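Dumping the structure here so I can ask a few things about it.
So that you can tell them apart, the chains are marked A, B, C and D in the order they are listed, and the count of residues begins at 1 in each.
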Amino acid sequence: MQVNEKKPLIVAFCCNWCSYAGADLAGNNRLAYPADVKIIRVPCSCRVNPMFILRAFQRGADGVIICGCHPGDCHYTSGNYFTRRRMAMLFSMLDYLGIEKERTRVEWVSAAEGAKFAATMNDFAEKVAALGENKRLEDLRCKK
Amino acid sequence: MCLKGVKRMRKCALANLDKLFAAIAENADLYLPVNDENGAASYKKWEEGTEMSDALNTVKSPKDFFFPQSEDLMTFKTEGKNIEITDIREESKDFVVFGVRACDVRSFDILDRVFITDPQDSYYASKREKGVIVSMACTRPTETCFCAAFGIDAAAPKGDVTTWKTEADLYLQANTEKGEKLLAALEALTEEADCAAVEAQQAKTRAIMEKLPLAGLDTEQFGGGKTKEYFDAPEWKELSQSCLGCGTCTFVCPTCQCYDIKDFNTGRGVIRYRCWDSCMYSEFTRMAHGNNRNSQLERFRQRFMHKLVYYPENNDGIFGCVGCGRCLAKCPISMNIVKVMKTLGGKKDE
Amino acid sequence: MSEMREPLIPYVGVITDVRIDTPDIKTFRVVTPDGKKAFDHRPGQCAMLSIPGVGEAMFSITSAPTNTEFMEFSIKKCGCVTEWLHQAEVGQQVTIRGPYGNPFPVDDAFAGKNLLFVAGGVGLAPLRSVINYCRHYRDRYGKIDIVYGSRSKDDLLDYKEIIEEWATDEGVNVHLTIDREQEGWDGHVGFVPNYVKELNFDTDKIAVLCGPPIMIKFTLEGLQALGFEKTQVYTTLELRMKCGIGKCGRCNVGSKYVCKDGPVFRFDELDELPGEY
Amino acid sequence: MQKITREVLIEKAASLLNEGVVSGVLGWKQGEFAYDVTPALFTTVDELNEQFVWGDFCGANFSKYLVAHTRKTQSKVLVFLKPCDTYSFNQLLTEHRFDREKVYAVGIPCEGMADVSKVKAIAGEGITAIESTEEGLAVTTLYNDAPVVIAYEDALAERCINCKSKKHVAYDELIGEEGDVLESGRFDQVAALEAMTPDERFAFWQKELSKCIRCNACRDVCPACTCEKCVFNNPVSGAETKAPMGTFEEKMFHIIRAFHVAGRCTDCGECSRVCPQDIPLHLLNRKFIKDINTHYGEYQAGAEVGSRAPLVNYTTNDVEPGDVFERGEENA
């Protein structure tokens, strides 16, 4: 992993039923992914309010990733379908405002995909690191 | 006021305006109205090449300089049960606000009476102390202007220095010690002048003022002690019925000074800041146990009663409005203090 | 700059004692970190308490000015700040600034007079300060009557102090009431305004009311029925406040600012204000 | 210039008032100046005759007023709806925000509304009279000897230049002729922004959004913003902010404001009309509309009552969030 002076801070919203278990599996299997990925467990990926993502950036995140069950596998039947639409719209809007599109991502990770979880995080962290610090959605007050 | 013999009149050719600005900016930050690409003016810091706007006025009032929309007051660090308070007030820098219109100059008097009365607000006071107001007489008042209703002469604004911009020159006259000091520093760029051109311009402006659609707006019927007379007026219902409850009028107003104090947790500490608030907002007076102004009618009434009755009652009859006309131009539903005054005042003639 | 005391910048205070008064009211004792009283006050004045990051709120100082060691605040749990305070433990620091507002006219209008205090619920908090002040300078005042009511016996604030100290004082009559019958209560049952009427007070006194708006409204009517003039009746108002110094505009009612010109008003003064409090 | 005259509307309103069909009329009321028009409730024919106005500055959309109004009264209210207003009307009905039984909707054709700032930019300040003539708006000012005539297309508000529909999608009665849904160029500006580099887009929005004074007018006028308690007003939401603090809050506010109405925004353009700082807020809303059209199929909020808004709907083969950029660019 390429590291700039400052390691990127990444917030990962993980659904309780698939992706969080996937992260667990990655840990159990001793698969390495950056320690600067901070996991926030949510009951379903569709619990992630767009405001959460913006708040994460405000408070210093350099990248935000949302992980949920694969489409069709949602514990609540259809939650991640809604996530998919919402995040598509939000990410497109952020891009429209000139915020680097590589800073946001949605990835479907099942409980069995520990390897995918680690690989996703490694890849995402690398891409975010290449962008450098989040400047466009920062809140200067939080950096004082 | 152009007073021969009493105050010295100086002038500077408009061609040399940039040099004048550069000279002012040498000792202090200089702010002046600048147009954006849509022709809307706002105060910007002067830099080489900045062109002063000819717009009648800025969209936002210059109250920002002394009472910014948001302002950090102090910070806290908490550790366990302990709290540490840090006073983050800093010595303000000297600054000059150039091109303030007569109405906005009056607004500073109105704000002073709120913030510089005991107990003094040191955030406001220190900025007020450091700021030099250079006013500029109006020459092309517009239909929304009604400063004359409040005894303001748009052709002779107050402030530390008054300026008049004619075809060829900028005339300058100091009104205060601060103003004298500023003009003394500009001595080399200005020359002694007589008042003829200024007086001619003033006469012209005053003639236009008399022809304005809102000329003759009557304030007689308002003022302190009129609470009972207007508070329960049935007209409030009609006036307020389409009010959206937004804060546009409040935030473009040069005299509105209600504020909120809020805390922001940065993750490393807490910043306590204050920001403009609006009595038009539904949660302005909301408490845990209820709200004493529950309807938009009550909130709407509060804003206008405050400007027309409550403020004058506490401040020697001075109204809390300067007739700048910003709310007339910007209210989404075109409801404003002039309509309120005419509707409430009009009923007395019947 | 910093030598100029800015009224909005508070002092640090420490909670040195938390007393559980009722299921939803606690009384907090606050001093400065070096153990002193943060500032002097007069009875009826208020102070701004805050917890950084949570918020700031105005509370009446319930301890009397004659108490020179500490200040006390009786606080009912009803919003963000109060809820947070209710979880606070001894030793917790808060911030405090004040004193704010006009006190009760204890040294002029009240001097030498018989006094009647009428309180409901947590409305006793601001009155406790003035009651204890008047008890301290007992010889300056005439007879003192205190009518205090609450929902139930458990909701009576300062119950121990009332029974053990106030009720045993010479020339002080305490009349307690609760809204509904309750086991173990043999005192009066009924709402405060009715009780005040039943007690049929002489009009030779000054009355001070504090409680929920509805109680104040009907108690005032009751007192007027007994022949009291509005000039004899005082109350203390509560509105949303942020600055405490009459600038932020929130507590503005008519030409008055409750934080600066109040919170203590005489009813004839309130008549001059629009009915927005 | 509007084709329908004020008199025709007053006649209609007066007859409905006199017949007792309605007890009030939501319409535009003449103000101090030719262009300043206030939404108002008229309850008598006399009031209508004195103060009702219909002309080139009657831009206000009354749909949102119906929410509060139909709650207060048992009787019917007459509301005049321009074509674009009828979309908001339907959208509010879809969301069950007002009682249709209490409304008598009269559709009126609209030739587009004038933007007073454009008029001022051309004719100058000090407007004392504006007359709608065949040639255009004849504007008299304090500083011009003869009226300046401004062609209607030069004074047309941005939202009307890109009018999406002259067709009324809801009414009880229609005055004048019905129009058609139009092929508008309303997404052109969005596409132009999309074609810029991220740096240019960021600079554009940074400049625009930093003008925001958080007066909330855009939210409060929006017919889609009818929450009883807005998340930005709610102290326990964690999002309550009042001022554009620093660099972040205004972006947050405008992204979330637009997001909350995404799929429900009918593109009535009121937000941009009322913005005191002239921020082109409609470009945020239109971005969402364009994206929805591109990715989830053409959808016009308010076109019909009861349709399901795209963001509360899904299909099993929706586009992946990571792919919207690519597909968005193809379609740009």
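The rule we apply is simple: a contact is a pair of C-beta atoms (placed from the backbone, for glycine too) under 8 Å apart; a residue touches a chain by one contact, two chains touch by 3 or more.
Only a predicted model underlies this, so the values are computations on that prediction, with no experimental measurement involved.
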| item | value |
| --- | --- |
| Graph separation of chain A and chain C (steps between touching chains) | 2 |
| Relative to chain D, chain with the most remote C-alpha centre | C |
| Centre-most chain [mean C-alpha coordinates] | B |
| Where chain C and chain D are represented by their mean Cα positions, the distance between them in whole Å | 51 |
| Centre distance in Å when chain B and chain D are each reduced to the mean of their C-alpha atoms | 31 |
| Separation of chain A from chain D, taking each centre as the mean of its C-alpha atoms, in whole Å | 36 |
| Chain A-chain B separation of Cα centroids, rounded to whole Å | 47 |
| Residues within chain D bordering two or more other chains | 235, 245 |
| Residue numbers of chain C (touch at least two other chains) | none |
| Where chain B touches two or more other chains at once, by residue number | 260, 262, 264, 277 |
| Chain B-touching residues of chain C, taken from the complex the two chains share | 1-2, 4, 6-12, 52-56, 78-79, 82, 89, 91-95, 238-240, 242-243, 245, 247-255, 272-274, 276-277 |
| Contact footprint of chain A on chain D as seen in their complex | 190, 193-194, 198-206, 231, 238-239, 245-249, 251-252, 255-256, 258-259, 262, 284, 287-288, 291-292, 295-296, 310-316, 318-322, 324-325, 328 |
| Chain A to chain D touching residues, read off their complex | 50-51, 54-55, 58, 71-72, 78, 81-82, 84-101, 104-106, 136-141 |
| Of all residues in chain D, those that touch chain B in their complex | 31-33, 36-41, 60, 65, 117, 121, 125-128, 142-143, 211, 213-217, 219-221, 233, 235, 242-245, 273-274, 276-278 |
| Chain A - residues contacting chain B, complex | 59-60, 139, 141-142, 144 |
